[in-house]
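Before any comments, here is the structure.
Residue numbering begins at 1 within each chain, and the chains themselves are lettered A, B, C, D and E in the order written.
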Amino acid sequence: MFSKRSLCIAGVLVGTVMLGGVFSGCGDDTKSNEIKIGANFELTGNVANYGSATFDGLQLAIDEANEAGGVNGKKIVLVKADSKSEASEAANAATKLISDDKVKVLVGPATTASVLAESQIATDNKVPVIAPCATSPKVTVDNGAVKPFIFRSCFIDPLQGDVMATFATKTLNAKTAVIYIDSSSDYSKSLGQVFKEKFEAAGGKVLMEEAFLQKDQDFKATLTKLKTANADVIFVPAYYEEVGKIVKQARELGIMQPILGTDGWDDTKVVDIAGAAALNNTFFSSHYSDQDKDVQSFIDAFKKKYDHAPNVFAALGYDAGKMLIDAIKRAGSDDPEKIQKAIEETKDLQVGTGKITMDKDHNPIKSAVILEMKDGVKVLKEKITPQA
Amino acid sequence: MDFMQQLVQQLINGISLGSIYALIALGYTMIYGIIKLINFAHGDIYMVGAYIGYFSITMAHLSIVPSLIISMVVTGLLGMLIERLAYKPLRHAPRISVLITAIGVSFFLEYTSMYFVSPTPRTFPAVFDNIAYHFGPFIINGQQMLIFGITFILMVALTYIVQRTKIGKAMRAVSFDTETAQLMGIDANRIISITFGIGSALAAAGGVLVGVYYNSIDPLMGIMPGLKAFVAAVLGGIGILPGAMVGGLILGVIEALVSGFVSSTFRDAAAFAILILVLLFKPSGIFGKNTREKV
Amino acid sequence: MNSLRKTDLIMLVFGVALFIVLQGLITGRILNSFWQLNLIILCINIILSVSLNLINGYTGQFSLGHAGFMAIGAYVSVVLTTNFHWPFLIALLAGGAGAGFLGFLIGLPTLRLYGDYLAIATLGLGEIIRITIMNIEYVGGAAGFMNIPHNTTFTWAFFLMLATLFIIKNFVNSTHGRACIAIRENEIAAEAMGINTTKYKVMAFTIGAGFAGVAGGLFAHCFYIINPTSFTFMQSFNYLIMVVLGGLGSITGSIAGAFAVTFVSAGLASWPEFRMIIYALMLILLMFYRPQGLFGYIEITDFKIFSRFRGGRKS
Amino acid sequence: MTQLLKAEGVSKSFGGLKAVSDFDFYIDNGSLVGLIGPNGAGKTTAFNLITGVYQPTKGNIEFDSNSIVGLKPYQITQRGIARTFQNIRLFSELSVLDNVKIAYHSHVKYGLVEAVLRLGRYFGEEKRVEERSMELLRIFKLDDKAQEIAKNLPYGAQRRLEIARALAAQPKLLLLDEPAAGMNPQETQELMEMIRWIRKEFGLTILLIEHDMSLVMGICERIYVLEYGIIIANGTPGEIKKNPEVIRAYLGGEA
Amino acid sequence: MGTMLKIDNINVYYGAIHAIKGISLEVGEGEIVTLIGANGAGKSTTLRTISGLLKPKSGTITFEGKEIAGLAAQDIVKAGISQVPEGRRIFANMTVMENLDLGAFIRKDKEGVQKDLKNVFERFPRLEERKNQEAGTLSGGEQQMLAMGRALMSRPRLLLLDEPSMGLAPLLIREIFSIIADINKTGTTVLLVEQNANMALSIASRAYVLETGRITLSGDAEKLAASEDVRKAYLGG
């Protein structure tokens, strides 16, 4: 039953794996002229497109810093790990980066649940984390207490939800709304909730709340249902891949009302998928407008390196990189606790999407914009500068 | 819109969604019929088909019809190659090992594609106008009708091939009793290979059409439709072509109705629940014939 | 017949010795927390693969819904520890019991199906469980359940794994286990030998689901957060892969399968682009050269060194 | 002598096709009865009806004065009918010993908890089962092959193992479906002796289907002859051998 | 009369079971040769080996002077050997016509096929009556006729028949056997495996008796029919 040859193969396989494990377990000889940064992102699995886009942005920021001679005379080395789009794997990857690769700072992952899974491990090991695009308030604040080592480089859900509710009631004079969220994403759920609260507080009425799931292709059934509500606006706080399809299919079903969204929309793919015409009469909040002069340099650099325009994930990844480099510079050391202090003190830092200042809850204070889609082009509709 | 109107519109939505499941399920069911393998890689073949179509359109600047044909041919050959390399050597191995191999092939296709085309979704260019037709309060758009039409035509063509042509008879013979088919002078390996080719080509057609219809393709796009198509095939009675079509349509309609009248988050659960109920009362699917081992 | 007890004793001593060595390496910081975490995951994976092997390998019932039962155990136990402050062990056992009970309820009607039909039905059940959890706001819905105490230590994982191995091994080597194996080998002959095949199929399914539940509880108390994405059918595939890779019908094989998958996954973590491609190729090649898995039906106790102590198992 | 098994008016049709019709027969306690007939005559169907694999379309089957119609195969086995199969159905990947041990299933007296935690009666019972199994294997000259995988045994040995396994279920009535198929004359001779011996030793009643006439004629006390699902003759071997109907049915028309 | 098929000392295994232990036999052109013996003696295994469904571990099989052992089954059909398998194994879910079409799968000469189809229908008129019926709904005798007709459609030079009498009524058996004799008269060589020894010996010219994988007796059919040994082997002493 047990041929020698197959035993050999089995043995070799198991042996290789074990050896591989042992060697990678031993290889933590950090060179003194390097600063290791852990990039824990969704590189495979369901949301690999968001994770890898964010990583691309981060990589650009790091490359720029290294080309400019590094930070404090040291080169920054990004150590990649794959969180496989799963919370538990994110924790696993973070553990690996911290204990195995001995990284000084972690950046990522992209989605809230994965960051939450990672944050406790980082806190226990006193390694600061910058989450580029996890917008849930829970990421940095837990039961009213700020998590000392966790930061983010994007604004939080309540801000965007508030901004869009105000925009709907004030600018568009909407009295009624329907909300269509991605129930597999914390981001989408909490935005939906905030929007509802603010919209109703402003005297509006939410007629219907529906949900879809990540990777859905066909939204017509639910859209047919939403159409019956005949509301003034439709709020879809979700990511661009699904948003494109939702807008396209909604217009096909004859839903012509304004559709509102959030920063998850900010990708040229939305136009490609939905088509320029379908996107007319849609509005979403984001971090920057590409007509903004300050942002141009980032967009150009990104296009040069990757051959396509950055999306919001890439921009936020870039911002996280910028924040980090700035903090390490100011800390003047790669000691994680010193870096943590430096990030806390970030003030008026020019990053890819504008100027940011870290607030006491570890959320950056940065301006938001509302963009209108006109024939496939993002047009700046409003700019909201937050009160610090 | 009142309830009836919404119901009719949901049926339209369901049938158009179901046609896509049916299209993938046709190939699934053919392949299952001939070697009784749950080809978990089928959904990924569909994905590869979509990408080949995408590159034919965007890079080679071909129009939709030649792109569709190229995609079907190339993907069909890929299917034959996969069968030859990965499944044929395991023809007499335990079935579960073949299943694991199929899962391996599925991972391989997904992640090799991801490596080469990146996980970012690609958007299919609009290759033709999508006109919405209004029938009273109901809306059907051109692409929906096109997909339904193509699925129906392919099902008819396939049924014709399987029922009437020499190669089709050989397929049925191999599927029913491989050994006796060999006694007729049929080269079973070749027939299996051809079946894989046809099944994969169908999946590719599905991939390209879905790309055109939903505009967006990505390397993991095949996982859920693949699973749904398998559910559709089992629902209709696996190995039976009209069964796959009916199963796909039923699945699509159920999903549309659940999304429209309950909640879309329960859509997949409802689809599986229906499958299980059907299997409990009719263990071999709607069109399937019950067979039990002879003692 | 004391040889049976002797084998048990030897395995127990070996297990405890292994634990002391590993715990020593962890305490001595020779194994860092990444490897410590992976050892915990390994133990959890072993519980899952061995329990799935009881269903798929020993009883021959093709189940693809293991992640669903794992999810039940995970959610039941985290609700009990986080919201009701139950002791960890009791919560784990309750999670196991919950999963087992559900396995029983589901198994009773479903196990009338055969082969691929059973496979797709169980896959569907796993997904139904997951989607249902996703729609329960009380446990966080799709976003997940948070603030879970980090109770799972290597010690817990290791000894629960040992207990699982002990119980499943004993089950398999009893008349009950033989009944299950008989069903796998030839259901008609098994019934002709006076074996109530329905009863034993459901029993194997229930026990397997129960242990999956315990493993789910351990898993959930490891990462501070769980969400339904961790329990998709892809996870069920993973456990199936462990079982088939190791060899259906061999506990040693399931351990080896869990070991191989866990550490290949961990070892390839630094090359995310190639990780899944290599994994896929490994699967395909292994099935080519050893379609019956690494160990086939063979146990480690069947090898020569153990022959002096051999008890009830076949060679 | 009391009748251990009694079938009255048993019919079985498969989708309109009558496989067995109006079957009347009885088996006395302690007797050795043969069931013969050409291929496709319905012999195996009769076995399947007795063992509960099929349910009769009409008629009644009594075992030990109780009707067994409607019982599941395992319940019938637990009441004391064990069988072998025409197309050997061993647990082919298991050892010879395990094949026999499995059949003791209904007679093992320990519960699930005792088994899992290895308490109480577990060790004693396992020991008893193993010893009994080895004893059976010795009787069938398989004890030296106890650890071999069943599918690797020669054909004749597989047939013997199937009988040993059936005996382990401790039946009152043993049904043998072509036990000598594929055996050479010498093996058949030995098998004949063995069947005689086990009947005496275990106090069994035996019903056997066989093609090998030398076996049937040699050991059966009474023989039923089946053709097209109907019993065409019933009597002692001597009577059967002379029965012209049987000769016609069996040797074929043109002699 | 030349030798058409010559089997020389073949050994065949089913897994670990040694099913055929060094069988040698010959079939001359135009003959009916029968292979008789009890269940499990290895008769079907022999036919399956000739047809290429099993590969002999050792030994040679020559057909019309060409070595065919180890060829793929479809190539053996193309060489001119067709088998009517045990239990008929018709394609039950297809029509009678489709079954016959499959029999002619290897042939390209449409006209010849049409002619043979006519011949088959002449020989088995009941098949023509039921040509559009699903084969699974035919009676046992009709299925046997279909299986034979199907095998004839490839226009074989050697026809292998495996237990054509199985499960058939005596009247039908007689009919089937007279058809076999008739097929032989029109120029097809026949190798017939049977349990019904008397029937088989009545139409065969020569016979081999198989017991547990070995040939124990062989010779002229008439002589064997009269022989006490054969009688004994079947009815017991």
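By definition in this document, a contact is a pair of C-beta atoms (placed from the backbone, for glycine too) under 8 Å apart; a residue touches a chain by one contact, two chains touch by 3 or more.
None of the values given here were measured: they were computed from a predicted structure.
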item	value
Taking each chain's C-alpha mean as its centre, the one farthest from chain C	E
Of C-D and B-E, pair with higher C-beta contact tally	C-D
Distance between chain centroids, defined by C-alpha means - chain C, chain D (Å)	40
CA centroid of chain A to CA centroid of chain D, Å	71
Centroid distance [mean C-alpha coordinates] between chain D and chain B, Å	49
Interchain centroid distance [CA atoms averaged], chain A/chain C, Å	35
Set of chain C residues in contact with two or more other chains	134-135, 142, 188, 273, 275-276, 282, 297
Junction residues of chain B - those touching two or more other chains	111, 114, 263, 265, 268, 295
Chain A: positions in contact with at least two other chains	43-44, 46, 183, 213
Residues of chain D that touch chain E when the two form their complex	38-41, 151-152, 154-155, 178, 181-185, 211-218, 228, 241, 248-255
Complex contacts: residues of chain A adjacent to chain C	1-2, 5-6, 9-10, 13-14, 17-18, 20-21, 24-25, 43-44, 46, 79-82, 85-88, 91-93, 95-96, 98-100, 112-113, 116-117, 119-120, 125, 138, 142, 183-186, 189, 213
List of chain C residues in touch with chain B within their complex	56, 62, 109-110, 112-117, 119-121, 123-125, 127-128, 131-132, 134-135, 142, 188, 233-234, 237, 240-241, 244-245, 248, 273-277, 279-284, 287-288, 291-293
Chain D to chain C touching residues, read off their complex	51, 53, 72-74, 77-78, 82-83, 85, 89-95, 97-98, 101-106, 108, 110, 112, 115-118, 122-123, 125-127, 129-130, 147, 149, 165, 168-169
Touch list for chain E against partner chain D, complex	15-18, 38-41, 140, 163, 165-170, 173-174, 195-199, 202, 211-212, 232, 234-237
